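In the part that follows, the structures are each spelled out as structure tokens.
Below are two complexes that have chain A in common, paired first with chain B and then with chain C.
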Partner chain A sequence: MAKTALKAGARFKSTVCDTQVMVVKAPAGEFELRCGGADMVGATAPAAAGGTLDPALSGETLIGKRYVNADESLELLCTKGGKGTLSLDGVALEIKQAKQLPSSD
Partner chain B sequence: MSEREDPIAQAYAEHLLASLGRQAEASLALPMEHPALRWSRCGLMALTGTPDTPLMFPAPLAACADGALAALAALGPAGALDGIDAAALLAERAAIAGHRRGGDVSPGGACRLLRAADGWLALNLARDDDWDLLPAWLETELSPGWEGVAAAVRERLLEALIEQGRLLGLALADAQPMTDTVPWQRGLTAAAPMARSRPPRILDLSSLWAGPLCGHLLQRLGADVVKLESTQRPDGARNGPPAFFDLMNAGKRSVALDLRGDEGRAQLRGLIAAADIVIEASRPRALRQMGFDAEALAREHRLTWISLSGYGRGAPQEQWIAYGDDAAVAAGLSDTLYRATGQALIVGDAIADPLTGLHAALAAWAGWQAGGGMLVSLALRDVVRHCLQFDLPGGDEALRARQRHWTGLAMADGSARLPQARSARGTAPALGTHTAEVIAEWAAC
Partner chain C sequence: MNISTILDMAAEAFGDRIGVVSGGQRYTYAELREAAYRAARRFKASGAAYVALLDVNSPAAPVALFGAAYAGIPYVPLNYRLTQVEINKLLARVAPAVLVTSADFSGKLEQRADIQVIDRADFLSLPEGGDELPQPEEDPRAIAVQLFTSGTTGEPKAAILRHENLMSYIVGTVEFAAAEEDDAIIVTVPPYHIAGISAVLSSTYACRRMVQMENFEAAAWLEACRENSVSNAFLVPTMLQRIVDHLVEAGSQPQLPALRALAYGGGKMPLSTIAKAMQLFPTVDFTNAYGLTETSSTIAVLGPDDHRAAAASSDPAVQRRLASVGKPGAVEIEIRDESGKVLGAEEAGLVFVRGPQVSGEYLSLGSQLDADGWFPTKDRGYLDAEGYLFLDGRADDVIVRGGENISPGEIEDVLLGHPAVADVAVVAMPDEQWGEGVAAAVVLKSGASASVAELQELVKGKLRSSRVPQAIVFKDALPYNELGKVLRRIIRQEFV
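Presenting the complex of A and B:
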């Protein structure tokens, strides 16, 4: 499986569902970023030949939600929802709690 | 271009009423001052300009606030809004919080005008953790503080900045306005008002300023207003100046529900069903993800559902977040002042919020009187744009002439004032004070 560097602001898309994400923050190094069990590709990459969604990894992504790993060193923003589960190096990512509201604007 | 001695506020009130299919039955209660003096005397002039120099604004925004309140007063019980100075409402948060004009920085300090390679934008970092999104927005590591942001923005193109920022949920505005607009959408019909045997029950799901001001004004008209907050994410204004939170929320009852679970959501559904008016300012997808369809609920329960947003409903704009300062920039206020003075400046203090609150109260009351069953969408940007366009001189030369003339009027008048705030009528209830009481009472409705 392909490892890739994750840079803040980079966008990726799933090859097995509609999910798209943007990297909000990420640790240095290269990782396996997957959705629905398949490697994600750069958002501007040509459409990949249709892979299949692993039914065991179809936990769904929701637009607007943030997804983090256990120590929250990785944070992805879901910019388009889809059927697959996001994972980093084989570990599923979790939804981060919503931000508190500002005290004024 | 007209230089009328104030009928502009009256004309605006009549225009709003006509767009609701209504007319005033008695003469409208309006301050008889020139729009330029409304601006200088209500505190907005003190809130606009560089730290050295307060500035006139060449369109009658303060007078439009007067007009909106007069239209609301005309539909409500006689005398219920007496003593409220609508123009002063636009500046009262600054009076309480001690905000001052800061040139290209908003009086509250969170919003700035920034120059990109091909134009101006406003960025509002209202939440501290918005700063954490900036490396992803600009795709580069940044030195802390605004200087690094400004330097990175200067090298980039507006369209790409705005697209990437909106994906991240940043409050961003292109200073160059795109469209002409109406103050509200899904027009209220011209249905004759129904006889109503009791004041409306209002469920206010909003936070901060625009929605709470709407509920506050409706309460002054006699409505029973319930402020509903999530126990997880209460109104952030609770952490702001208490005098301002009290001013907006005293007299409302407070209900707090855990909206993560089925029980809290069922309770919310019950309260919506019992309400006459819902005031709501979340992004539509947030409600949809919780299983609430605002349009369907409005039809089913004959509600007037007031949907407040930065840029309106529908894709893609319903995803874009906005606060009062950046929405005002998006409406073209800073661009207008730039054309009139050559300076890129923020206008007022989150002025889109109180202007929207005033218009929302009018739309809510009129919708309730017409029998409900509709969703009314008010976008902060569009409300401000509607006020801006109502009596705007055409062309830059006319705009500069208006600016000079109105500035001269304010100088000759000499009675420019700092922002003033009303005193709250009591204190706002603590979070959730009336949860059980309201759920029981409204369940019986």
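Presenting the complex of A and C:
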């Protein structure tokens, strides 16, 4: 499986559903970022040939939600929702609990 | 990474929700995106290096901002209050450009082959022009917005905000779709100001309806808030002052049951104004937002709870926080002395800021960040023991008297404490003996009187003799720019 460096600001899309994400923060190094069991690709990459969504990994992504790993060293913003479950190196990502942001709007 | 993602997300999740209201015009988020797509196609076809806007608030401002982002071209909103000569000078600096403007301003323009002028009405009714969706390049370092600084000390500088700066600001400070269906924010800051840019981006990301006002006027603002059931507002201090004055003069209550949150920033808020405003709007959440153009807007926030705690407290250390700009938002802040040494709590110095939203960059001057990524705001201030930031004027405004640094702010605060004084600005004046001396321009309340000697005595008693203004002039009013910043350079001329 392909390992990718995850840089803040980079955008990825699922190859098996509509999910798109943007990296908010990420640890250094290379990781397997997947959605619905299939590797995610760069957001502007040409549409990949139809992979299939793993039914066991169809936990859905929701637009606007932030997804994190256990120690929250990785944070992804879902910019488009889809059917697949996001995972990093085989471990499913969780929705980050909303916290008070320093908003002035 | 590109700020057009913000509009994509709003249109995707809440396409049917009204995004912009301007007079009789309404745009849903889906319509706003469609208009931005059309604009992007037009911008791309033009071959322009910049998309410029010379206009008051209208739907054309968000359409041009997002349209430029979809097209991958920097957006430059210009200050329509500048003189004809100044405007044409700035246009020469952004050519070749597409310029969106309206009949009110097109008369000011010199004809140039490299500036393609589009009238606002035509711009908002562009033809479809194809099915292909404009795809911006994935370059987070691309320039999203370029804003000319007010240029109070010379030629305006071109501050650059990259997509990564603005996107970091939004993702770091706003929760997606945080607004309720009925929420609405009234936008009174002009489109060429950083607060005007951040209002569009924050509101779109929160999926909050924007109610645009062309020009601010207190009674019209109150009326517009009522008519549109406005829940959120942002004001510069002068605007809040005028609303307070208007309500006090009319002896009336605001009668804005929908208004929940009122944020302010863009200049120093007089304590008396915010205290009075909190009395007039007891149920409203007040937030003080401190930020700069070069930091993609807000970097510190004094929230509603801080306001209420300060107003209710008998502890002077808590009370005085009403005059603070709060705690750092999605950034780090530190205070340094002139030699660069980091200072501790309560020690006044220069304010430095670091974080992904901080661009700290000008077009020809380059990045102003130091090796560790800190940006010198050129504001003076200090942090208290709990990390609340207090500002103390611009570093450039400091008076250097015989080698001693004197901050105008502390003298102004003392003079404002005199019951006859309505407004005051303290500036440097040339002095043969000391290099610079202290001078003050004072506005007295109507019908009140105070002598020069009396005011000098007050400062001497509260501070010390080196702080006493050696010259005081009485004025009917102080000069302010349209966003409420006092123009010290004009006041300084009084004392030359």
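Just so we're on the same page, the second predicted complex is superposed on the first by the 100 of 105 C-alpha atoms of A that agree within 3 Å, B and C clash if a C-alpha of one lies under 4 Å from a C-alpha of the other, contacts with A are read in each partner's own complex, and residues count from 1 in each chain.
One rule holds in what follows: a contact is a pair of C-beta atoms (placed from the backbone, for glycine too) under 8 Å apart; a residue touches a chain by one contact, two chains touch by 3 or more.
All of these numbers come straight from a predicted model, not from anything done at the bench.
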item	value
Partner chain(s) touched by A:Gly64 [first = chain B, second = chain C, both, neither]	both
Chain B versus chain C as contact partner of A:Leu77, first or second or both or neither	both
Touching partner for A:Thr44 - first (chain B), second (chain C), both, neither	second
Which of chain B and chain C A:Val24 touches, first, second, both or neither	both
Contacts of A:Ala10 with chain B and chain C, given as first, second, both or neither	both
Where chain A meets both chain C and chain B, residue numbers	8-11, 22, 24, 63-64, 77, 79, 98, 101-105
Chain B to chain A touching residues, read off their complex	93, 97, 108, 110-111, 124, 126-127, 129, 132-133, 135-140, 164, 167-169, 171, 207-209, 232-240, 283, 285-286, 289, 319, 323-325, 350, 353
Of all residues in chain A, those that touch chain C in their complex	8-11, 22, 24, 42-44, 63-65, 77, 79-80, 98, 101-105
Parts of chain C lying in touch with chain A, wherever the complex brings them together	1, 5, 8-9, 12-13, 135, 137-138, 140, 164, 167-168, 171-178, 185, 198-199, 202-203, 206, 208, 232, 234, 263, 265, 287, 289, 291, 297-298, 301, 327-330, 356
Sites on chain A touched by chain B in the complex	7-11, 22-25, 62-64, 77, 79, 97-105
